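Residue numbering begins at 1 within each chain, and the chains themselves are lettered A, B, C, D, E and F in the order written.
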Amino acid sequence: MLAVYAGSFDPVTFGHLDLIQRAAAIFDRLIVAVGIHPTRQALFDVQERLQLLRAATAGIQGVQIESFEGLLIHYCARRGARVMVRGLRVTMDFEYELQIAHANADMSSQIDTVFLPTRSNYAFISASLVREIASHGGDVSRYAPPVVCAALTAKFGARKG
Amino acid sequence: MLAVYAGSFDPVTFGHLDLIQRAAAIFDRLIVAVGIHPTRQALFDVQERLQLLRAATAGIQGVQIESFEGLLIHYCARRGARVMVRGLRVTMDFEYELQIAHANADMSSQIDTVFLPTRSNYAFISASLVREIASHGGDVSRYAPPVVCAALTAKFGARKG
Amino acid sequence: MLAVYAGSFDPVTFGHLDLIQRAAAIFDRLIVAVGIHPTRQALFDVQERLQLLRAATAGIQGVQIESFEGLLIHYCARRGARVMVRGLRVTMDFEYELQIAHANADMSSQIDTVFLPTRSNYAFISASLVREIASHGGDVSRYAPPVVCAALTAKFGARKG
Amino acid sequence: MLAVYAGSFDPVTFGHLDLIQRAAAIFDRLIVAVGIHPTRQALFDVQERLQLLRAATAGIQGVQIESFEGLLIHYCARRGARVMVRGLRVTMDFEYELQIAHANADMSSQIDTVFLPTRSNYAFISASLVREIASHGGDVSRYAPPVVCAALTAKFGARKG
Amino acid sequence: MLAVYAGSFDPVTFGHLDLIQRAAAIFDRLIVAVGIHPTRQALFDVQERLQLLRAATAGIQGVQIESFEGLLIHYCARRGARVMVRGLRVTMDFEYELQIAHANADMSSQIDTVFLPTRSNYAFISASLVREIASHGGDVSRYAPPVVCAALTAKFGARKG
Amino acid sequence: MLAVYAGSFDPVTFGHLDLIQRAAAIFDRLIVAVGIHPTRQALFDVQERLQLLRAATAGIQGVQIESFEGLLIHYCARRGARVMVRGLRVTMDFEYELQIAHANADMSSQIDTVFLPTRSNYAFISASLVREIASHGGDVSRYAPPVVCAALTAKFGARKG
């Protein structure tokens, strides 16, 4: 069973990594897919995000890092994936995700959505929080792997300099 | 990968059956497990619920019907299941389920919880609603399979007679 | 357009009365219907609840007080009502009510559900809160009309005496 | 009883149309009103949205299409409408809508808000989802009427060309 | 400033204790008050719950353990407390608590409600979960202090024996 | 005990003022702190917001108005504050606030978050609603103090002129 875990990963956090590890243990193969949205502003560009993801997931078996454009459901169909994995942190996530899952189920009954609950100690971590804290020079080493922390320091140091 | 989908199934509805079919397509083997709660009142006894589940899932590959006592996480460990499957219908479900999932993750990091969103056309169907409608002589043939409808008629007919 | 506003009304509160007044202003005729649930325990019996409702709504044009057994949707069909009115106080109400509305829409496409939001100053008032406060001898005159306050005093006085 | 159903309708979907049909069946006359927000970006301009709404609602009795500027409650007062109709899809909608309803009730006690629950099979459809799917060349013919699908194709075709 | 933290504490958990410690650090004096509800079934009687609370909070400065009957707001007024402390674990808690807080604010503007968010690692722990796990012989030593674990073992051992 | 109540206050409303009064009654000293976010667009600049806050809180004992840059938790540490006060209006607020509170608790266990529930009659008032109503020439004198109403009139008059 091939599964896809898609997101922005701007940048990848310990919350994402926990989910990737657990999904990789449940499914035979897992594609972690960075969505390309040309009009949406991001801190890291797609190449940087892919690179950080590859570095951070180097030790996890059966994981493949890719990027995609267009609708996720079309991408899954092209790749032959039967399952889309989504993380659920809080109730607000859930309602939004449920709508997307229903729309995707309506567009393709062959591809299903599976939700994994974020571990309670990671539930408050989000990529936007990590960016916010790092932009003010705060310490994010408990929320993201060293390679990401270094990239954040480089990014915000470069901005300030 | 062996997964367990546990519940009361008092009685099994089309909402449950949709979930069983989808979970059976995702995982190699699926145990549908009826929880035995001696102090909780039910319309159908455990034997009846098992029988209805067996009849209703007869055509689905890789599904096994069982009952269990005690904590679900202990039962999964005994059966060697790595995944607990839960259906999510609405936001209120989610919050409760998230707490249970966190508690289970805390008790055993080896067994994970996976949520499948109920299809939107089944989201308003629950076993308690089916019991309520049937108890007033309403038609539940759009919410539960024929074998369950017959059992409900027998149950409530017998009560009235 | 005939509308039905159903509930337990155990007892009727200022929150209910605000809704009755507003629904009566929107629809030509409004039936306020007390649901009879033989197995559910109530503080006031059905006759008492009807009497309190009649006294409390005496001054409102176009309102009729009734009781009913069985499914609300069947009762509406028997009475020729096209609309069921429901009050929404908080988010938890909403999710539950939405499920019921979807089930009713599925059972009869001819009868629709209309929600009126409870005024913010009544949103914390519920019949169970009024019963709880009154049972401890608290003052509920800001939450329920005089006829109900008197009935509560009689009820809890009689219990204590 | 004159009611107003206001929104952006960028563009009108089957979810909107279901609500318009049901509201038109409940109230004597229904104004569907496109709000003009000069600073908010939209896919279709106000004239296009009015035209699509007129085409899509041509067969529904008692419906009138208009646009308005400023606060909805002031517009309703000018038009002599006693009721504002709002659709409720999910819980997040509800909380936001409840705040707006309370603010409007505070500003004018003569105009009430009435919520209609979106049918469960339309609950995941939103204008923004339709725009998103169409922008990637996806098929939206199950979510919006033919006249809207054609307009979307023209819009995104023109953008690509 | 004297504050009251009321609850059932059936039995006290690490979640409660975390809240007691934090509230005791914020307010000069803190009364932890066990509500007596003669009609509500509990695992531990009021005397046992008080004893477990006293043992578990022995090391925390400025904390006093009491029990009370009737409405909490009346009890706070009798004790001269200006603040009621409540823990918030999840969204469902919040809505319910908000209604109670609004009702209390309406009954006495002199006594305010203050919410403390449960730490994320305790958010899934509730007294009912602890009872449920312990009743099946599960290990609750990560959710409740030793004195409570011993009491649970005695209780359920006695029941089984 | 020194507490900090931070926000945008763009502009200060009766909802904010109610919270400031109640927090000032609970804690010895209260700093009301305007967050400076250079990239976020605001109607009033930081100096105007500070001035409106000072005018509006002139009569409340123990309150100090300041502004700050960077992370709130760092600012609280610099000022020696042990408590951050947050208002809770609705459920959606709560989930977001809970995440922030968990993140802050993780970053500093010495500084706690305390939530005060917005009074029910102010729950629908937000600064953005006040701006929206005022921008259309609506009357906001029931939602904000006279000094703010005058500033809004000046602001939107100046824009139109």
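Just so we're on the same page, contacts are C-beta pairs under 8 Å (C-beta built on N, C-alpha and C of every residue); 3 or more make two chains touch, one makes a residue touch a chain.
In this text the structure is predicted, and so the values were computed from the model without any measurement.
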item	value
Shortest path length from chain C to chain D (each step joins two touching chains)	1
Size of the rotation, in steps of 5 degrees, that lays the CA trace of chain A over chain D	120
Same vs different contact residues, chain A with chain E, by half of numbers used	same
Chain at maximum distance from chain D, centres defined as averaged CA atoms	E
Centroid spacing, where centroids are CA-atom means, of chain C and chain F in whole angstrom	39
Separation of chain E from chain F, taking each centre as the mean of its C-alpha atoms, in whole Å	31
Shared-contact residues (touching 2 or more other chains) in chain B	90-92, 95, 98, 102, 106, 120, 123-124
Chains touching one another, given as label pairs in label order	A-B, A-D, A-E, A-F, B-C, B-D, B-E, C-D, C-E, C-F, D-F, E-F
Residues of chain B that touch chain E when the two form their complex	70-71, 74, 92, 95-96, 98-100, 102-103, 106-107
Chain A residues within the chain B interface of the complex	1, 22, 25-26, 82-83, 88, 91, 94-95, 97-98, 101-102, 105-106, 112-117, 119-120
Interfacial residue positions of chain D with respect to chain B in the complex	90-91, 120-121, 123-124
Partner chain C, residues of chain B touching it in the complex	89-92, 123-126, 129, 132-133, 136-139, 142
